[in-house]
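Some notes on the structure that comes next.
A, B, C and D label the chains in the order they appear, each numbered from 1.
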Amino acid sequence: MIDAGIIGGSGYTGGELLRLLKNHEKVNITAVTSRQYAGVSVSRVHPHLRGMEIKFDDISIENIDADLVFTATPHGASMNIVPKLIERGIKVIDLSGDYRFDDINEYEKWYNLKHTAPLESVYGLPEVYKEEIKKANLVANPGCFPTGSILASIPLVKENLADTLIVDSKTGVSGAGIKPTEATHYPNLGDNVVPYAVTSHRHMPEIQQEVQKFGDVKVSFTPHLVPVIRGILTTVHTFVKEDVSSDYIKEIYDVFYEKEPFVRVLDLDEIPRLSAVRGSNYCDIGCFQIDRNGRLVIISAIDNLVKGASGQAIQNMNIMFGFDEKESLDIIGLHP
Amino acid sequence: MIDAGIIGGSGYTGGELLRLLKNHEKVNITAVTSRQYAGVSVSRVHPHLRGMEIKFDDISIENIDADLVFTATPHGASMNIVPKLIERGIKVIDLSGDYRFDDINEYEKWYNLKHTAPLESVYGLPEVYKEEIKKANLVANPGCFPTGSILASIPLVKENLADTLIVDSKTGVSGAGIKPTEATHYPNLGDNVVPYAVTSHRHMPEIQQEVQKFGDVKVSFTPHLVPVIRGILTTVHTFVKEDVSSDYIKEIYDVFYEKEPFVRVLDLDEIPRLSAVRGSNYCDIGCFQIDRNGRLVIISAIDNLVKGASGQAIQNMNIMFGFDEKESLDIIGLHP
Amino acid sequence: MIDAGIIGGSGYTGGELLRLLKNHEKVNITAVTSRQYAGVSVSRVHPHLRGMEIKFDDISIENIDADLVFTATPHGASMNIVPKLIERGIKVIDLSGDYRFDDINEYEKWYNLKHTAPLESVYGLPEVYKEEIKKANLVANPGCFPTGSILASIPLVKENLADTLIVDSKTGVSGAGIKPTEATHYPNLGDNVVPYAVTSHRHMPEIQQEVQKFGDVKVSFTPHLVPVIRGILTTVHTFVKEDVSSDYIKEIYDVFYEKEPFVRVLDLDEIPRLSAVRGSNYCDIGCFQIDRNGRLVIISAIDNLVKGASGQAIQNMNIMFGFDEKESLDIIGLHP
Amino acid sequence: MIDAGIIGGSGYTGGELLRLLKNHEKVNITAVTSRQYAGVSVSRVHPHLRGMEIKFDDISIENIDADLVFTATPHGASMNIVPKLIERGIKVIDLSGDYRFDDINEYEKWYNLKHTAPLESVYGLPEVYKEEIKKANLVANPGCFPTGSILASIPLVKENLADTLIVDSKTGVSGAGIKPTEATHYPNLGDNVVPYAVTSHRHMPEIQQEVQKFGDVKVSFTPHLVPVIRGILTTVHTFVKEDVSSDYIKEIYDVFYEKEPFVRVLDLDEIPRLSAVRGSNYCDIGCFQIDRNGRLVIISAIDNLVKGASGQAIQNMNIMFGFDEKESLDIIGLHP
């Protein structure tokens, strides 16, 4: 049994951490912070949590008593909080972008921020870094687009089958956060498709960083907002360098993810779709089709708030503390 | 530990029974029948169940070996199946309308069917019939609209505060089933609201039957399809017979549902909405506002496939077999 | 040919006025004001207007040169603008609530504002006040809910068939305006139904005021937000005082709206739905069913931004200036 | 003034032809055929057309009296009808795929049909074939995906800037037609993204055929269903062969489409989205961004039922008969 705190509990990732931790048998939630909502029941912000007897707190970082803290804080804010926790011997899983980059310059360039407190961290993608996560004090939880994009790409890159990846993602709008904006205004998104940050999304260098560790490859990335609440469907287009079959490609993915509890490699006649993973921690990967031009398509589907954020954070926690990796995450998606 | 079977597992209620039973510690699923999909993995029909190692079966009723069977079969089909199971000493929870009516004539009139096999049954609304359910061999699981409508109305009727109820429901389209129809065709429902069976829905007499057991009251009911997948929001309009306050009304509901694990009576400044119950077995009830004409409004929200169907069926099972009523249903909804 | 100005052109009603006036053969748009967007092309705010060569202006009220001005300004703002225009001999159609009430006290109570500049006005519902509109200098354009509710109710009230109306409306979210709020945040409304202002919406007294002119009746009103961009579907429940048939009721509506170009009374086997009026100035009215308790249901459907706002404003303009009432409004809705 | 007939008027393209032709000042609709709905008012199938006094007809091809016929018939059916009309001297605009291919073998391969009645035809993309359309007796109206894909690609290919195009389309579901199917079942598509025919869609060879006329290029195409009623957003990814700027690319498009009334080339800081073209005949093209890998992105947006089908058909008719190309199509889209 460990004590866990959540800093920044009033956003969607905070709400999901609470939802998913509720039935975790090894975790005791000791604090959920929110300056704005201090003293208010969590269910006032997250109405599905009605009945959960937890209130938001504005406890200072110095007074948090926990074995582990999830920092569900914005980019730029985490770097002011995480070092103080690490110093006190508290393990941290940071859901922001602050500790995801190997090269601080890349971070500073794409996030347009000065990084004032670099620390050693492990990139929290369990399918790649499980051993490192076990020993980590600070895990940088991956971005939502990178999770789906990297998992869809690395088996291919590892086999040296592609040198260029065109990653075209369609995302639900909950990834934009709990705060209303023009992009999330229902009349702007309902019955619509809205491309954004077409060649300049800051998840692009994060994908590039991780994928190139498996081989020499160039990643191009474009996201589109679709009228969906949860989920990212990622279509990876590439041109295979050798004359291979769909069966051969699928076999590579089967082997690569053989032992991974949360990656489901689909049969050739199935296709990933968001509803099959909605609310769950699964990443479905499939398609493996090749057209007459030698273009290969790999498609992945995740719930951006679960495998793309809070579920993956809990998966990382389970690994860090030696719990069953699936504890509290053995949840089936909501279809229809 | 009991053995349970599902007859008619290829529809949405079948899929939900499987999703919810997966983590039930006292239930072993011995058969999931489907003539059409015999031999096929359940995940081919219910993609969110990927990884669940169960195949559809076309086992005959006579060969089903179980302590309990859920009959997720259409109206009119259940009456051909249920008696054979009951005869063999198997307990049954029937999700169709076949065994919900006290008066066979009402059934035959509204369902336009001859009832060929009446049996003694208990109406499976645990908040009303818990003691009867404990001893029942056949539980008639309530309809989706009746569940939300009855729970929203009976405390009021019991206190003799209303003699007319106007029940205006807004329902997600999954209640229409897994088979494509004109009503469920996306271009017909997307960005639309479609009233149907405005004064003639067969759930109306079911609501009437149950509500009037608490007092003399006339129920008028109208459903509307809205572009939502899951959920029924029911607005009950009535005129209070006495000069009462919202606080007083809320107190009546608080007391009535005090011990019920799946009814959440909301505070006066909260309002039920579908996202707070999506995927969960909760029925949220609230509003209790009274306007200048003495009209009182009670609003309920349920997930039609869970509290309105499969979740309630499992709740009934838990009660019938002496399990914890919340076993495998202690699931928080999916908001956002 | 007249010159027309739009004050407050950056909201949805402003955008719709521009869309609908574009092909009006008798109107020359001389100014579209917006302080925030002065100098910016209207298509930057209203992307569907791309190609329309009009820029927002911050011209002062005193300098507007027009025969008619549409004030698409917020409640409370119109009263500061309208008198200045009227003084200068400019006719005004005001889309706010400021000039809709016969009794200033009702306005001040429900809008929680002091009315500083009362003026004589005509309530701009052409189906009721056509003759008055012809001669009016100031037309108060009706609210969106009142338009659908009043048109659905008055033939019945006029015939003294009902003394209580329960009006249950389901509205698209564009009625909440162009500015993002919690209510319009996609994750809050997508796949959801959200009741609001259940017994306290300020359109209630407006409906009451107009309906009671046709007979003694009490109006109770409740709106619900549904995941729809445009449209209001209104379900009016009442108990008929006499033993009448659906045919008889339909006949009353047929006669009442016989000469009205924008009210379509549906056959008994049809039902209004939003997609049939989307983008058009029609109000569809139908249902006329009566249940076993004597409850009668009348249903109306409008596009809240057209017949519920800008289309009706143009209809009023056409009447005021002696144009064909249908000029530039003879547009068919967008189904699917 | 010409007489026009519509064969196959009960589908979505039939409904759109009627909506758009209603205000056409040079066209008299003489027949709208439907075997299934003969004698029924068109508004029973297309509820937005309420008030239009036209009934479906089952007149035989031989008895149709018209200067022009739109064949809104399925693939494979058109080839049985079109020759009979052409023989009688009636001009035809065919909305099926039957007459779009230069090479019958390609047609037979991708449509899996034997072509029994090849005829000379002009591919009805006015931005490319305006002169040929003027003189044509048979115009093959382009497919919906090809319209958006070809218009987004050809200026680039003409300038020899790309040799590979990856075309990733997101389509509304009305393109699947008026008949309910699993793909169009609301619970299957709502809140979801569903890729289909990932490397095998029959619009791919159609795009390839037309694009390669402008230069040597390989086209790869993948469509995705999104929860949208109308509209196709197409993202074309390519790698530019030279070191060019976004300004330079935009200039190429500006020049290419300078005189085209229905293609709007957007400024560099705008991005196409579906709501800007909803219900209109416009094709918006924009983006022109280039990432650090030299990948260029061009995005187009159309309404699949208008510029992607019936609107384009009317545009072709206007050209064939010497009417103003914009007659009855000068309609602004519906945003929000």
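Here, a residue touches a chain if its C-beta (ideal position, glycine included) is under 8 Å from a C-beta of that chain, and two chains touch if they have at least 3 such contacts.
Please read these numbers as outputs of a predicted model, since none were measured by experiment.
Undergrad: Looking at A-B and B-D, which one has the bigger number of contacting C-beta pairs?
TA: By the number of C-beta pairs in contact, the winner is A-B.
Undergrad: Would you kindly say which chain has the C-alpha centre located farthest from the C-alpha centre of chain C?
TA: Between chain C and every other chain, the largest centroid distance is to A.
Undergrad: Quick one: chain B and chain D, Cα centre-to-centre, how many Å?
TA: 45
Undergrad: For chain A and chain B, what's the span in angstrom between their mean Cα positions?
TA: 35
Undergrad: Which chain A residues sit where two or more other chains touch them?
TA: Correct list: 12, 174, 178, 187, 190-191, 227-230, 273, 275, 278, 336.
Undergrad: Help me check something: in the complex, which residues belonging to chain A touch chain D?
TA: Interface residues on the chain A side: 164, 166, 168, 170, 172, 187-188, 190-196, 198-200, 204, 218-220, 222, 224, 226-231, 233, 235, 237, 239, 271-275, 278, 287, 289-291, 293, 295, 297, 299, 301, 336.
Undergrad: For chain D, which residues count as touching chain C in their complex?
TA: Counting only chain D, the residues touching chain C are 12, 15, 19, 22-23, 46-52, 174, 178, 190-191, 229-230, 264, 266, 270, 273, 275-280, 282, 284, 330, 332-336.
Undergrad: Can you name the residues of chain D that touch chain B in the complex?
TA: Spelled out, the residues of chain D in touch with chain B are 12, 173-174, 178-182, 184-187, 189-191, 227-229.
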